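Heads up, the next two complexes both have chain A, just with different partners, chain B and then chain C.
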Partner chain A sequence: MREPITISFSGGSALLLQSNSSRFDEQFQKRIWSLATDLQAAPGFTETVPGMNNILALFNPEEIAPEEARRELTERWAKAQPLPRRGKTVEIPVIYGGQNGEDFKPWARHCGLAPLEAAQRHAAGTYQVAAIGAMPGFPYLSGLDPALAIARRSTPRLAVPVGSVIVGGAQAAVMPQTSPSGWHIIGRTNIALFDPHRDEPSTLAPGDIVRFTIEDVWL
Partner chain B sequence: MIEVLTTGAANSIQDLGRNGRFDIGVSRSGAMDRLSLMIGNALLGNELNAAGLEIAIFPFRLRFDQPARFAVTGAEGAVTLAGRPLPPRWAASAAEGETLVIAPPDRGARVYITFADGIDVEPVLGSRATDLKSGYGGLEGRGLKRGDRLDVMPKPPMRAFGAALDPFAALDFTNPLPVRAVPAAEHSVFSADARKLFSRWSWRVTQEADRMGYRLEGPELKLERRLELMSHGILPGTIQVPPSGKPIIQLADANTCGGYPKIATIIEADLWIVGQAGPDSRFLFTEVTPDEANAALRRQRHEIDALARTVEVARSLAG
Partner chain C sequence: MAVKVISPGLSTSVQDLGRPGYYHLGIPEGGGMDRFATRIANLLVGNDPGAALLEATFMGPELEFTEAATVAVTGGELPPKVNGEERPTWESFPVKAGDRLSFGYLKGGARAYIAISGGIDVPVVLGSRTTYVLGALGGFEGRVLKAGDELPIGAGSGKAGKSLPANLRRPQISPAELRMLPGLYWHRITEAAGKRFFEDTWKVAPEADRIGYRFRGGAPLEFVEREQPFGAGSDPSNIVDACYPYGSIQVPSGTEPIVLHRDAVSGGGYMMVGVVISADMDLIAQLQPHTPAKFAPVTLDQALAARADNAKLMARAEEYLAG
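Moving on to the complex of A and B:
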């Protein structure tokens, strides 16, 4: 079960460890979380950015030389056991379709489902936060029903509004701020996912469970 | 207080940026030319991380409502205080009511104005840097506008002086700017031609160049085989190659994760050159090792430390 990985430098003081597979693996991700926790106490390592089946590890080259950091990372990865993390459960009420979900109907059609059925399937899933990143508080969610997957738009929108509930490829997410995105907008929520002035700015953390609930469906 | 009289919305308050929260998607932000901001702070005896103004839209004018000490570093051009010209990388005193004017620079793209003890705004997530993309930090998370008033420390006059440390001396903006980069994760997946072109072509900065990133113009860089990458952490300086084959340099306000193949990462010690290169500038990339990248940064830090010590000695001698 030891999947092949690649470790490479991102400049002089960071290493990227990534899975060689292009398909997301939940067990692999649990080892990434475990490695991230382990690296917090590793001498010379300063910060980690867990991604989707990968991790960027920043180090201080005044404390640990680049090649030594690479060896250290390789060894710690070999020892990393899946961290069975199950965080808090967060409910996200969604208004599907209408003005706030302009791709809702085309998405349902793409999936071969009636709009109401598509909303129900989306809300029936149990999602887990795999990683936070790209923009402040943005959750990469695993657990999307494969029947609801849809390739990203060929031309990204320049401004997808904050609160948009979106689907891109095999992933689901919610927009924590208004930003460009090539994902499909299926609905809207009022839950704030990020506030830089809170003690913990990000509402969600890796391992958290997300459930979408149907507040309304605009047909 | 100082009052902004003329500005563009891309001018903002910046320090050295945010660290430690990349894991929740918080960009580094901070000065695009960190070296010039540090020189400006060193000239005033500030902490190197003190907040100053990053000016990318010109002309810029501000008025001092009180006596203050300031320095102007970064891009070189006409700078006047109450009509009197100031040389590049110069620290000086302003009297109450005097106006500082920064004209469009002749060399470089970004000017930094630092003030003794920095600009006093509330830090957000450990930094005073403005994140223009996400809308926090600096002044209400936005760029400067006319009429903005900023808190700086009142200071008695001092004799004006300049920095001997001149990073611009080595730069010839009429030729491609030399920029060093460490090969990145997918470097070896690019075709042999693409790898050669990457370090031999003189890449032009397009008009799509801002604090988030620069799009470069040049030949198409092709991959040997198709790649499907999952979202992964990226740092300022990362050179991505999207399906168009035209490289993008991710910079201060860039997203913290991306999914495009990466050919190289520009070294921290040369990111300031990128920050000083406006549209139509050209880059010539040289590949270096992580050790070379770190040695270059170490040399740069020693030079800034030496400048800071010189300023300290000069100030103690001046009493």
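Moving on to the complex of A and C:
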């Protein structure tokens, strides 16, 4: 039988634990959150970075031998129970299409839907923040309607504007800052997702619920 | 006390020993890319090793001092000049009010560290004064320096004439040998391609910055066939987004390896063939474009031994400067 997870070293001071399944699994993700919290108190571990379907655990090899760290991680994972975390709900109003959503129509066409219908289905979903990462405050959202999935662009854009509402593969997200990205831009929001001068710099945290609302649709 | 920026150089930013602990918000640790040079420059001017200083890339800035201070320049061989007169590197020297600090052409390495007694007193953002340009946060207004900027300097007094002898510095060897731990996606490339990866001499590409160093000139990687995971991109080098630490070697499209450095994002969708060991990351910070480099596989034990050696080199230098 295939092991459900793989734990491997990423260099001499980090371990990556990841699911062997390439599909998103809510229960698995909840165990990741639980492990992330648990590891904060583990001696020798310096930082944990929950990803989607995976978690990176950084440790100080002067405090804990790498093989010891691997054993520790393996044992703590075995004990990790799904953390029934349901955070705050954040509403994100979206202007779909137009010049701020240049992939909106081709995306709708790819999904075999009329543009308005595609926007409605995107806004009908309940999304959950699986992880924050890739750039300050960037939320990896689970819960995209499979009918709305689309492979990433073969050539990433060098500057996708802040506030862009995007889809890539089976994932949805919002750009917290202007950055390169290979995801498709379907709309724009004015909600700020990141401000380093706030007590909580990131608007969203793992477990939070996101709902998109239709502010307008440019057809 | 302040320092006026007359001209900024090519890419000069405020750095310190970084902003650890925010990976989970998508913020990399950052900080001086050459940690050894960062710490030593500060110690030479009597600062805490983690004080904020300037990191200048390839070309130095021109600065004017409003008050007297002690200055030291370490890292790449970027010869400092005070009012046009050359000063040594790796040695502290005094500047008076009204003096101008400029730099000659880079003679070796890639990045110079300019420490000023008292340190650069920009606001602390999320625990550090380091500039993270991509996230527009920290440092001086979250960006590289521009002409006309005025940098606030903290209170401090250094002693001129303090220096670190060459035998206590890290030697720069050419071609650079970058030791790496083969990573979890190593099995995704063919055995022959893996062998070539270590045999080939690579060259630093012009796209080499704080985010990552791209290498060119070796054979493209050949991938083992696989079924594309859902959620990953269509290229064979795509994986489902994963987190990766700095030092990770990505090979987008399998053609040119990129070693992620201090400002790299905390995750992404390209497979990592391995991780350059922490002891060699300072070395990369000092590689100019077109410099030859080879990758060499090491074991975890060798990586840890190298890490300990690196710490010893640092401790010896610190001990010398404290004495």
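The rule is short, and it goes like this: the second predicted complex is superposed on the first by the 216 of 219 C-alpha atoms of A that agree within 3 Å, B and C clash if a C-alpha of one lies under 4 Å from a C-alpha of the other, contacts with A are read in each partner's own complex, and residues count from 1 in each chain.
The rule is short, and it goes like this: a residue touches a chain if its C-beta (ideal position, glycine included) is under 8 Å from a C-beta of that chain, and two chains touch if they have at least 3 such contacts.
Everything quoted here is computed from the prediction, not taken from an experiment.
Colleague: Here chain A is shared; do chain B and chain C fit on it together or clash?
Modeller: clash
Colleague: Under the stated touch criterion, which partner chain does A:Val94 make contact with: chain B (first), chain C (second), both, or neither?
Modeller: After superposing on A, A:Val94 lies clear of both chain B and chain C.
Colleague: Touch check for A:Ser154: first (chain B), second (chain C), both, or neither?
Modeller: second
Colleague: Look at A:Ile186 in the shared chain and tell me whether it touches chain B only, chain C only, both, or neither; answer first, second, both or neither.
Modeller: Neither partner.
Colleague: According to the stated criteria, A:Ala123 is in contact with first (chain B), second (chain C), both, or neither; which is it?
Modeller: Neither partner.
Colleague: According to the stated criteria, A:Leu16 is in contact with first (chain B), second (chain C), both, or neither; which is it?
Modeller: both
Colleague: Touching A:Ala170 in the superposition: chain B (first), chain C (second), both, neither?
Modeller: second
Colleague: Take the contacts of chain A with chain B and those with chain C, and give the residues found in both.
Modeller: In chain A, residues 6, 8-14, 16, 18, 22, 24, 36, 46-56, 58, 61, 66, 132-138, 140, 176-177, 179, 194, 196-197, 201-202 are touched by chain B and also by chain C.
Colleague: Under the stated contact criterion, what part of chain C meets chain A in this complex?
Modeller: Those residues of chain C that touch chain A are 20-21, 23-27, 125-126, 132, 134-138, 181, 183-184, 229-235, 238, 240-245, 247-248, 265-269, 272, 275-278, 300, 303-304, 307, 311.
Colleague: If you look only at chain A, which of its residues touch chain B in the complex?
Modeller: Answer in residue numbers: 6, 8-14, 16, 18-19, 22, 24, 36, 46-56, 58, 61, 65-67, 131-138, 140, 176-177, 179, 194, 196-197, 201-202.
Colleague: Which chain A residues qualify as touching chain C in the complex?
Modeller: Interface residues on the chain A side: 6, 8-14, 16, 18, 22-24, 36, 46-56, 58, 61-62, 66, 132-138, 140, 151-152, 154, 169-171, 176-177, 179, 182, 194, 196-197, 201-202.
Colleague: Which bits of chain B are touching chain A when the two form their complex?
Modeller: Interface residues on the chain B side: 19-27, 124-125, 133-137, 182-185, 187, 227-235, 237-238, 255-258, 262, 265-268, 289-294, 297.
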